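In this document, chain identifiers A, B and C correspond to the written order of the chains, with residue numbering beginning at 1 in each.
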Amino acid sequence: MSKPDLGLVSLAFAVAGTLIVAPTLSVGEISASRGAADWVRQESGPDGAPRSCVTCHGEDPRQPGRHAITGKPIAPLAPSVQPGRFSDPEKVEKWFKRNCTWSWGRECTAQEKGDFLTYLRNL
Amino acid sequence: MSLPPTVRVWDPAVRLFHWTLVPAFVIAYLSGEEVLDLHVLAGYLIGGLVGFRILWGLIGTRHARFSDFVRSPRTVREYLRSLLSGRPQHYLGHNPAGGAMVVVLLGMLALTTLSGMTLYGAKELAGPMAFLAAYPVFASDWFEGLHELCANFTLALIAAHIAAVLISSLLHGENLVRAMITGTKRSPQHE
Amino acid sequence: MARIHRVTALAAVSVLGIAGWVIGGDRHEREDEGRRERQRIFVDSRMTAQDPTYRAECGGCHLAYPPGLLPAASWERIMMGLGEHFGDDASLQTATAERVGRFLQANAADGNGWGRSARIARSLGGELPPLRITDTRYFRRHHEQIPPKRVLSNPEVVSYGRCDACHPAAARGDFDEHAVRIPGAGPWDD
């Protein structure tokens, strides 16, 4: 190949590569579908038990859930069904801290929180 | 020499006992689990009153003593027959039927109070019988039913007692209710 | 005593007793109906979770339990250990925790000498103040007649800690045994 042709082919690869790879890059981007995937992802709680959001909130956040230990019914998380959800930032932060720790044994990252909120708000 | 128009029959202790017992029973009967503290207080009061009356029945004034009015069943029957025949035998203190009622009423009040204290101790883990908490049978529903049965039977006795007092008053021509308030009755006529 | 008189006496006593029993039973039932429908005449404030902060912070995962169900020492133990709250981290901000703690102490079971609260407090011996209401002797005595599976295997109840599942007026402090309705099983029949 001549140099100019090599240059063009490289550019094509670069552009194609960027267009294909870029969507999979997660840095700084919020994704509702990732939120949906995280919703069912099981990790270990502080006591080693496997848990996910589903454990208390159920598979469909538009349905009521139930606290896994106390059995208390939990109103649906989806704002489309339960108006007022996520309107209080302090409350949102408090429950993220508690529930991520209990389910995944750690705090959720800012991105994970964003993903969850987008997922739930779009339901 | 003329006889005094009235004679003292019921001493103040007997009268106070009687008329304190009435509201105590009413309160105990009407209050229940909703105001348990009140019910229990009324129950303790009844227990104390009954305890006093038994003691007073042994060492009290003449007509307060059991020996004055507790009679054999035959005497009770004779008295009742005399009521029906129109020539009622008159007694200054309790007549034999009334005497029998006193005994039965005191007994039922005692049973009701005791079953109540037992229930309170076993179920609510409170009161002087709280040591019975070790025996769950005394907290059972049938035991609670027994307590209620005693209370209701007592109520039935009270109804009969009131009726009998009214009938006796009519037949003897004297106001027995007033007598239990003032303590005095008209002097007995010579036969 | 002649036989006819014995029979008469027995009949009279039986009639009286049965009449009393029937009258009393009828009154009891009608009273129950009344209790189920109307507000209690008399409410012990310690048996309601009146403080809104307490309700908001402590009523998210379970019923905001009436403070009158545990003695002050129990509530103190719980507030000291919020980071390890029955397997969960229920930590509160200092100001909030102080307010909740004050409310609980002021309305604890051993606050005064009357009512169900006082009986709960007095029934606890010298043992360590319990962390769970369901661990108190009073609670146990009052729930030992219920078959456990009616609670634990019942999807509508799940836990003995769900007072309001069977005591519909629990938030009002009304635990009247005659108003109990176990989900799926109906009124608790004595």
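Following the convention adopted for this analysis, contacts are C-beta pairs under 8 Å (C-beta built on N, C-alpha and C of every residue); 3 or more make two chains touch, one makes a residue touch a chain.
Nothing here was measured: the structure is a model prediction, and the numbers come from that model.
Which two chains touch most often is answered by the contact tally, and the pair is B-C. Ranked by how close its C-alpha mean sits to the mean of all protein C-alpha atoms, the top chain is C.
Centroids of chain A and chain C (each the mean of its C-alpha atoms) stand 42 Å apart. Note: centroid distance chain B to chain C, computed from Cα atoms, is 36 Å. Averaged C-alpha coordinates give centres for chain A and chain B that are 77 Å from one another.
Annotation for chain C: no residues touch 2 or more other chains. For chain A in complex with chain C, the touching residues are 46-47, 66-67, 69-72, 95, 97-98, 101-102.
Those residues of chain C that touch chain A in the complex are listed here as 60-63, 86-90, 157-159, 161-162, 165. Across the complex, chain B is touched by residues 1, 5, 16-17, 19-21, 23-25, 28, 31, 35, 40-42, 114-116, 119, 122-123, 137-138, 141-142, 144-145, 176-178, 190 of chain C.
If you check the complex, the residues on chain B that touch chain C are 32-37, 73-74, 77, 122-126, 130, 133, 136, 139-141, 144, 148-149, 151-157, 160.
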